[in-house]
Amino acid sequence: MSQFPDNYSIGIIGATGYTGEELLRILARHEQVTVSFVTSEHEQGQALAYVYPQLPHYHNLKFISATEAAEMMVDLVFLCLPAGESGRIAEHFLNKGIKVIDLGPDFRFYNPQDYFQWYRQEHPCPQLLQETVYGLPEWNRYEINKARIVGNPGCYPTSVLLSILPFAVEGMIANAPIIIDSKSGVSGSGKTPGKTTHYVQINESVQAYKPGRSHRHVGEMEQELHKWSAKNSKIIFSPHLVPMTRGILSSIYLPLKSNASKKELTQILEKRYGEEPFVHVLENEIPSTGMAAHTNHCFLSLEMPDVQGKNDDEQYVIIFSAIDNLGKGASWQAVQNMNLMLGLAEVTGLL
Amino acid sequence: MSQFPDNYSIGIIGATGYTGEELLRILARHEQVTVSFVTSEHEQGQALAYVYPQLPHYHNLKFISATEAAEMMVDLVFLCLPAGESGRIAEHFLNKGIKVIDLGPDFRFYNPQDYFQWYRQEHPCPQLLQETVYGLPEWNRYEINKARIVGNPGCYPTSVLLSILPFAVEGMIANAPIIIDSKSGVSGSGKTPGKTTHYVQINESVQAYKPGRSHRHVGEMEQELHKWSAKNSKIIFSPHLVPMTRGILSSIYLPLKSNASKKELTQILEKRYGEEPFVHVLENEIPSTGMAAHTNHCFLSLEMPDVQGKNDDEQYVIIFSAIDNLGKGASWQAVQNMNLMLGLAEVTGLL
Amino acid sequence: MSQFPDNYSIGIIGATGYTGEELLRILARHEQVTVSFVTSEHEQGQALAYVYPQLPHYHNLKFISATEAAEMMVDLVFLCLPAGESGRIAEHFLNKGIKVIDLGPDFRFYNPQDYFQWYRQEHPCPQLLQETVYGLPEWNRYEINKARIVGNPGCYPTSVLLSILPFAVEGMIANAPIIIDSKSGVSGSGKTPGKTTHYVQINESVQAYKPGRSHRHVGEMEQELHKWSAKNSKIIFSPHLVPMTRGILSSIYLPLKSNASKKELTQILEKRYGEEPFVHVLENEIPSTGMAAHTNHCFLSLEMPDVQGKNDDEQYVIIFSAIDNLGKGASWQAVQNMNLMLGLAEVTGLL
Amino acid sequence: MSQFPDNYSIGIIGATGYTGEELLRILARHEQVTVSFVTSEHEQGQALAYVYPQLPHYHNLKFISATEAAEMMVDLVFLCLPAGESGRIAEHFLNKGIKVIDLGPDFRFYNPQDYFQWYRQEHPCPQLLQETVYGLPEWNRYEINKARIVGNPGCYPTSVLLSILPFAVEGMIANAPIIIDSKSGVSGSGKTPGKTTHYVQINESVQAYKPGRSHRHVGEMEQELHKWSAKNSKIIFSPHLVPMTRGILSSIYLPLKSNASKKELTQILEKRYGEEPFVHVLENEIPSTGMAAHTNHCFLSLEMPDVQGKNDDEQYVIIFSAIDNLGKGASWQAVQNMNLMLGLAEVTGLL
């Protein structure tokens, strides 16, 4: 509980990965919250400023263990943990009346079978899935505002769902596969060193990984797509690693039932996002990931290749969607969700 | 004409761009040819070693003008010129009995209408299109060997055609659009400085350009696809610029009529390319462009996403194709064509 | 003049370069100022959001010409102009009672001869040099606070002066040349496309430029060094371009008169900067530019190579200094100066 | 022993690191040698083409263990092993009449004390140091030609020694410290993944490491400097990691006794290297590492900053030296040494 009515106290569980560090960076600017604790099993006892000299703002914090954190009282905790590790911890904090935003995958599914299908492990806390909210504010703002627990969306799904849900809810998506070709910066692969993240392996090279339907974010995308009316849509998804640190560009080849013009389709996006502070439809250029770097913005544009599908009334539209994978794709969106859950202005600290 | 029966003399028209420089780099290693002249309107009179200190091997050459070059006698010339500029020059050299390889687009089309459709200008020398050969050795080896003039393929088409022609000739491609999502290094954009090639614009960013059917390489791809039996196929093509100097990765979503397995499809590629020195089918990993950098190799692999198309007997296969855009995608392939046209061992100077 | 007593209105002259764009980015977060106008001769009449879709926050602004801007009334203007262009404009605004921060070089010198020596042109407004303040807040805070006009320091001089002034004022610098080897990101070269900023030229390469005493920042560094007691010091300076967008690392080989230990020298830095919000002395690691990216921080560390100079009581210390060239090296430091000149808390908008 | 008098058989011990892979790449082009075996303890039994699909040329080779290799008969072996591991293996091959080039540090020193001082371990085979030759062909060509065992120089020392030895042998170097500020690509850090080579750590950042006199290459540089007449010179050395894969640029601040002009100093370099195929003195530009990438070339230039040292007759010259750390800095230079040791033309396979 915070001392002052307009200042909330925050905890971060697992603060030494990229999403935790990014949370710390932007929360330093947020005038209505204070980070009260950060945990790291590996760095516990160490001063935060020793591990992150680039964050001198937090000179008073030390890393503590998750066990110590369990005794702390705050208003909201962010969980930055691998799959399967958030369940019990989330339950503990909820029982103490502390709100939870999970940046990992444990609270992005509505039923445990889907979670099992994509993560190959039993859900650690299936009963909580009944109340978890999928933290995509542009689509679930009202539910997030009321939620005790939010599953912050994956980076790829954020870029994809913002692009295609407007057409899904209009019932416009045809039955052919939706082909999604995504290009991600390397921070999306996490901080643990390995052969695939060695500088020499990544630099001056582009490569696909887990193509087709093998990446676990496919499950999350299809869940939301089916929820928002596109009940039969199937996704073919090829993520790629490109030599940059941040950013996701999703190039989406979306089969549409009707023969709408580029202008009509653009208007569908603009109608949906015209008032949104963080989703922007570009009419005169194709977004680049550089535009979105270090922001909470998503930039969209679309192109009509004028090639019909099998039936004369079918066609493909190409949608380009650019975000920062650590921004709208992770930590910045998590703060947007936090603002909603705490009743603060949604853009606070996110400009 | 060369002094010795087993050493041929070579000229390069337009030797200050990236493809010309790369030709010089690899011809330095080629023991059966000698570069006799290089032209540059801008650098004429200048010593080659002054403009390219990184190529000290050519200390005897000076840049000359194209007019001076027209008087020279050699065995073969490479043309590294923009669209529309190769026609008359090619004709002049052919008339003197000199063979020509054009690295630009002027001799990649078989009829002038197609050229006009994609390049929006009259072909400068339409009568020569009747004899020009499309310089993809793995598919036109015999014709290249006999040719007086060869149109060296574009970088994107090289990566794409090597991937899909084996399925085209088998009659396996279904009528749905072929979706091609390509990622290119920046050397493909040429050497002229501009906003889109400024380091700060490119670095830490990915962006699509000319998506759909607006890139001129679509014409070249569809011409060859239709020639090799896939008469109704239409391409949707999105090229992207990624922050690297060299390399193209094409991720190709190919609709197939039949329900073949990954193993069967891999065998179709291997049957076609098993003996090829420069095309390699990978079974255990997905190719990266880094593997192909500074080589004439093309690496292919394929994945089955197990998502059916509209009809139950249709399916998509994803093919990944990695080349060096200046290697197999331009200058190295040009030397492969040269070797064939001069009757040399095809791999000479290309290891 | 601003509408509300605690909100100031700001103008930016020349807002389409990198420093102007960066000012816009961080001023969007600054709650006590409002950008009232931006100028661009080239983009005048164009909406800011059209030119910079990545800055949707400024949807109400259009670019105007400098002539139009001259009629506007604001509290402070930033000038982001090339050498020689700031003089008259600065004078005009000062005459209207508007404070001025020049991010170009015109107001970094105290006498017009020095300006002429390094910029090879007459100073456009020499009488103003009597009152201009060199905008390095850690050393001139009091003067900046009272100033009408501030010359925002160059990027290289910021990184260097923060490193060596503490030793200069202690009278510790020996007479041997100070050797400064700096490595800069490419945004420091400006936005105009050219051969030297082409992606392919920069990527996978490191190169020195203007080495020795030919870079104009040498003048600025020596002026300040001499002002702060090191009257005979001469600088040898080699700037390098490295393949990254942002950041400067200066590796400084500083000859010292005495045989102080690493600990003693570190204490001199810490005594000077211990209370500074943006200058940090690292004891356990060597700073990287990545630590300073997108911040106003400068990180310092030092090493003793234990090699004596010519006299036994002389020695070299190596100081490493990392900043963001667009951060502490330009726009962020300009906002720090703005905060001081407007009487705001110095860190406002800079976390 | 090779089958044909003009074709030699070669073995590579430790062929899975970057230097081993680079050896394989260039030996594929070398027409007078054949790679007969490659070893890897980790990959033994595996086909080379499986581990390196990018090297399809070697489809007949499998990795074997060093124990198996000990039974093989070849003409020459390359050792690509960490410090301390080459000694016994080298002795074994020498005893069989097989020549040895060690790309590691074990045979770069002439006496075991120096080796111990810099590598903090006993030399595994001190008696061999009496005959080992330091493999810098431009300075030791005659000895290399006769040698049974050659220590291939370190990457940094190669770039530095080629720059300063011409002035050392002329007796021109003054007693002040030689300050060397080097910038290296990341392949110099080796292939083992770790925090310091993670893409995200390296990209968009520059950082010094082991500055002063803590890098082990200082020992090698001073040994050669003292051997070639500069008996009292001391080096201050700061290596830096920059975000690129290949290349070293050394910026060398060399104190000279005399007041020679830039022209005179350039002539000293040109007199020494004018006939060298791989060392080039540039008069009109400063070398970049990009010029040397994927070559055996070293490019040099020098600048006079016109700042005197403590005595009026002393001055500093700045020398810039660019190589590829895997080229002239490792594997390509090793092949140059091999050519000399086998009596082949020195440039064979290195164009």
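We call the chains A, B, C and D, going by the order they appear; numbering starts again at 1 in every chain.
As a convention for this text, a residue touches a chain if its C-beta (ideal position, glycine included) is under 8 Å from a C-beta of that chain, and two chains touch if they have at least 3 such contacts.
All of these numbers come straight from a predicted model, not from anything done at the bench.
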item: Far-end chain from chain A, centres as C-alpha averages; value: D
item: Pair sharing more residue contacts (C-beta pairs) when A-C is set against A-B; value: A-B
item: For chain A paired with chain B, centre-to-centre distance based on mean C-alpha positions, whole Å; value: 39
item: Between chain D and chain A, distance of the C-alpha-averaged centres to the nearest whole Å; value: 47
item: Mean-CA-position distance for chain C and chain A (Å); value: 36
item: Overlap residues in chain A, where contacts from two or more other chains coincide; value: 201, 203-204, 243-245, 287, 290-291
item: Complex contact set, residues of chain B against chain C; value: 18, 186-187, 191, 193-195, 197-204, 243-245
item: Contact set on chain D toward chain B in their complex; value: 28-29, 50, 53-54, 56-57, 204, 277, 280, 282, 284-285, 287, 290-292, 294-295, 297, 299, 351
item: Interfacial residue positions of chain C with respect to chain D in the complex; value: 175-177, 179, 181, 183, 185, 201, 203-209, 211-213, 234-238, 240, 242-247, 249, 251, 253, 286-291, 293, 303-307, 309-310, 316, 318, 320, 322
